[in-house]
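Two complexes follow with chain A in common, the first pairing it with chain B and the second with chain C.
Entry: the complex of A and B
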């Protein structure tokens, strides 16, 4: 790492980014405010802070090379190991969601497809490969990684995708293999994962150019735990009626716990978000003005439709108050126990929803339906995501039968809207609305 | 050479059951079949059952591959209730979820067992874990079917050694052009190993190899890569068009069959080494460098001039590797062709036309 690059990064942190943020704020001030939609309650004040945090993260990323080791990381990987070594981390999945929300999915996917990548591959991967090949991104510029860090606790797809990136970029790939939890986690599974962590530390140290310090790791893990717990508490505020936030908000406010977990900024952010949500709940301020029905969402967001769907459902007095997706970054954090740092890290990361069996998912969803007083279920069958989607038809059937709530499946994709038929989705949703309203 | 007489799946299963044997429906791809043999269980592999998919589409989205769809169709058509066991090795996301869907939601009469294959790189923790998995499976099988007989695992390893030698011989003869059998025959015989017990398979292979020594037909030699050899019409097209398969890099074939035979040490440890020494494979997490070197080696050994990738539609592990493999092969002077197939559908005339054009391009 060079001193001048470190100085440059520090300068951008202290002066460069604050100056840019003030400028952006001034420009925003000049713009006419967006007309308020009467279906929604007052917007969350925290959103401006969230934007600032995420813009800062992507802005400073371009000054990270040379100043800090840079890693590209999968959303479910035990990033605490990297944070303890001071890596600057980029989450291609978060970047994929950003591209999806900005409706850049098909354009970037096409670049990857022109290079020979099948249109049937996960579109986060295609977006990322498209970005790598074209340099296009709504985030300005992403720094080239020194290391790729991947865990298959969310899917095997990331392992294939990161392998391609490692080959193309010529950088080392560190893989954390988490045995799928078909029934229950065994001591053999835990020993295997702990063994891998011990084996990977020297590789991470080499890329970082510094020694791993267990005390520092424990501090980071505690920050991580705090952020995830606070995030879980933020989600729990949606048990209030009316719920102070919608899942569409949560899809956006999820970014720090995914991308900045283990840093003080993530914990601080969720402290202020939680305070605001509790305040709204106490004051009876709902995310939507007329919350008649409460819904649950299964699977990743349809990023290019977040706003449209949020308006559509709000106009019907329907609020999403729970989602398996947003819950995933809070669900297993209670396992993180600093008296057994590596064993508990293995449990925390391998028991996540996508590495867990479908019986677990069914029971979890049934519990959420009851705790959040859910009236109906919307299942996003995401063409990109086999591990999230295969099994959903039966999951929907079993939940409907068991709990007697209406449910609907929408066939779509997370970022690639070429695979979304608005007409078909709206037809299915109309039938769902009718069933809900009649219930 | 004429095709040897191979007992059909149904005949063999019936005879096996009549002798009091148990049957396991084994899903793709790698699993320690020796342990099943040692427990008196016949693994019958489920890759591409030729059934009309009528029930499975109610449980699976259309973007799930046909191997998973056909496998589920078979279980729903009754196999799930008639076998004694269903085994799901961990191969890919789709098979992982299929296993959970069957085990947790559909619950056929046969019990399901799951077997996690660790992913590359296979360092010490992976080796230990794999051995733990073998012990766990051994215990589970003993729980279901009683303890294995004295010496049964040693006997199973003997069969495994004999089969490894026969497979290696078949591949070598083919690569050197010393096997007088077309693609259709080669795969029909070797795929009998998906259901024949070694006591039937070993003599079949020995007899066939002895009778098939001879010159391979002339033609442009290729390496076949992908998951499965087929569909059948595609193999026929290869034979008709004079495209000679000199080697293959198929998940169901050489990526499992060309492993080192088990050693003679402690039986389960020896079995563990078999898995760890299998050729590079997308589903095992092998690097692109390893895969590329392996395929180039296959082409070199067999003097093949090109590679035909026959990919199952929606198969992520294979499709991710494809562009870089093709690029690397091209740089090595090996052109390639990609055909996407559904396992239960004919590849069709268009595939034949593309194969013909590919042959002309290589000539």
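Entry: the complex of A and C
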């Protein structure tokens, strides 16, 4: 790592980005404010801070090469190992969500398809490959990685996707293989995962150019745990009636715990978000003005529809108060225990929802329905995400039978809106609204 | 006396039903939607009014349903075809537990609770296989009319298996079967089987509760109804006019709407 690159990154962090941000703010100030939609309560004040954090993260990324080792990481990988070695991390899935929200999914997917990648591949992978091949991104410029870090605790797609990237970029790939949890996690599984961590440390050290320090790792893991726990508490504020936030907000406020956990900024952010949410809950400020029904969402967001859907549901007095997806970054953090750092890390990461059996998912959803007083369930069957979408029809049937709540499946995709049919989705949703209103 | 109208604008047909305040059917019509759904809705309504011997200003309230429901200016309210089909079927058959609707361009299965409320539903609207369109394409290929399909298949001695689920591929499969001199009634029976398998698979999601009703244009095809009954292992009842179940539900909702 060169000294001058380090100085440049530091300079941009301390002076360059703040100057840029205030300039942007000044420009924004001149625009007429958007007319307030009467279906929504006052917006979250934290959103401005969130935007600043995420913009800064992507902006500074271009100055990272040379100053810090750069890694591209999957959303479910034990990033604490990299944080202890001071890696600058980029999350292609988070970037994919960003591209999806900006409605760039089909364009980037097409680039990957033209190169010969199957249209049936997860669109996060296609967007990422499309970005790599074309350089197109709404984030300015992503830094080339020194290392790829992948865990198959979310799906097998990432294993092959990252192999392709490693091959094309000519950089090392470190993979963390997490055995699927069919019933209960065994000591053998844990030993197998800890063994992998021990084996990968020298590779990570080599890419980072420094030695792994257990104490530093423990500090970082504590920061990570704090951010995840705070995130879990933020979500729990939605048990209040009316809920102070909607899941559509949570989809966005999720970004730091996904891509910045283990850094102090993530913890700090969730401290202020939690304070604001508790305050709103205490004062009875709801995310939507007329919360008549409370809903739960299953699967990843439909990124290009987040705003439209949030307006549609709010106009019907329906608020999403829980989601298995946003919950995933808080669900297993209680396993992290610094008296057994590596064993507990293995547990925390291998017991995530997508690496866990359907029985677990069913029980989790049933629990969420009762804890959050959920009246109805919306299941997004995402063409991209096979592990998340498999079994959803059974889950839906079992939940509506056991708990007697209406449920609906909508077929869509996370970023590739060529697989979304507006008219068909709306008809299903309207029929669901009619059933809920009649209930 | 006030009258109420329900209009169901589907992709192939537009249907209208007029009821009186007691829910009795006064007139109905089934017309082709064509390119302009607003015109089709008006044409269906006019025809139903004419049959009922009523003037447009005698209609107190109108509810629209179906994919084209947004383009019905007469409607005071728009309700999905799920709710309308359920209510229409429940009114005609108070014991109904499941509605299997095979329309021109989509098919759906609705499971109802004891009280006629919708418990669950599945729609197939991604693919022409399992819809009336599939049969329409095949009838044209075989040179028989849509109305003859049922009668011909009931007389079939045996059945030819159709392996493609895709309408486009099944079409070429049919061409090659005809070329191999397979008897037409047996091919038709195989085609019916393909539709039935496709739609019956949807009941795996919703479950089946008796009494089972079939609606939609394809319910007029006795060959399909018979195979469906065998496949589901239940008896199936078909309303006299299976195409107007959705519009009937809409008209009944219009009457309710006016009462509040």
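Note that the second predicted complex is superposed on the first by the 439 of 439 C-alpha atoms of A that agree within 3 Å, B and C clash if a C-alpha of one lies under 4 Å from a C-alpha of the other, contacts with A are read in each partner's own complex, and residues count from 1 in each chain.
As a working rule, a residue touches a chain if its C-beta (ideal position, glycine included) is under 8 Å from a C-beta of that chain, and two chains touch if they have at least 3 such contacts.
Only a predicted model underlies this, so the values are computations on that prediction, with no experimental measurement involved.
A.B. asks: Using the touch definition from the top, say if A:411 reaches chain B (first), chain C (second), both or neither.
C.D. replies: Both partners, chain B and chain C.
A.B. asks: Check the residue A:121 against both partner chains and state whether it touches chain B (first), chain C (second), both, or neither.
C.D. replies: first
A.B. asks: Return first, second, both or neither, reflecting whether A:191 touches chain B, chain C, both chains, or no partner chain.
C.D. replies: A:191 sits against chain B, while chain C stays out of touch.
A.B. asks: Kindly classify A:183 by the partners it touches after superposition: chain B alone (first), chain C alone (second), both, or neither?
C.D. replies: It touches chain B, and chain C stays clear.
A.B. asks: Check whether A:164 is in contact with chain B, with chain C, with both or with neither, and answer first, second, both or neither.
C.D. replies: first
A.B. asks: When the two structures are overlaid on chain A, which partner does A:389 contact: first (chain B), second (chain C), both, or neither?
C.D. replies: A:389 contacts chain B only, not chain C.
A.B. asks: First (chain B), second (chain C), both or neither: which does A:400 touch?
C.D. replies: A:400 contacts chain C only, not chain B.
A.B. asks: Please indicate which partner A:438 is in contact with in the superposed arrangement: first for chain B, second for chain C, both, or neither.
C.D. replies: second
A.B. asks: Could you look at A:428 and tell me whether it touches chain B, chain C, both or neither (first, second, both, neither)?
C.D. replies: A:428 contacts chain C only, not chain B.
A.B. asks: With both structures placed on chain A, which of the two partners, chain B or chain C, ends up touching more residues of chain A?
C.D. replies: Greater contact footprint in residues on chain A: B.
A.B. asks: Common interface residues of chain A with chain B and chain C?
C.D. replies: Common interface on chain A, chain B vs chain C: 393, 411.
A.B. asks: Mind listing the chain C positions that touch chain A in their complex?
C.D. replies: Listed in rising order, the residues are 67, 79-83, 117-123, 125-126, 205, 207.
A.B. asks: For chain A, which residues count as touching chain B in their complex?
C.D. replies: Spelled out, the residues of chain A in touch with chain B are 115-118, 120-122, 125, 152, 155-157, 159-161, 163-164, 166-168, 175, 177, 179-180, 182-183, 186, 188-189, 191-192, 194-196, 198-199, 357-359, 362, 381, 383, 386-387, 389-395, 398, 411.
A.B. asks: Spell out the part of chain B that touches chain A in their complex, as residue ranges.
C.D. replies: Its residues touching chain A are 58-61, 63-64, 68, 88, 90, 92-94, 96-101, 103-106, 114, 116, 118-121, 123-126, 128-129, 132-133, 136, 282, 285, 287-289, 313-314, 316-317, 319-324, 326-327.
A.B. asks: Flag every residue of chain A that touches chain C in the complex, lowest number first.
C.D. replies: Contacts found on chain A: 393, 397, 400, 407, 409, 411, 421, 423-424, 427-428, 430-431, 434-435, 438-439.
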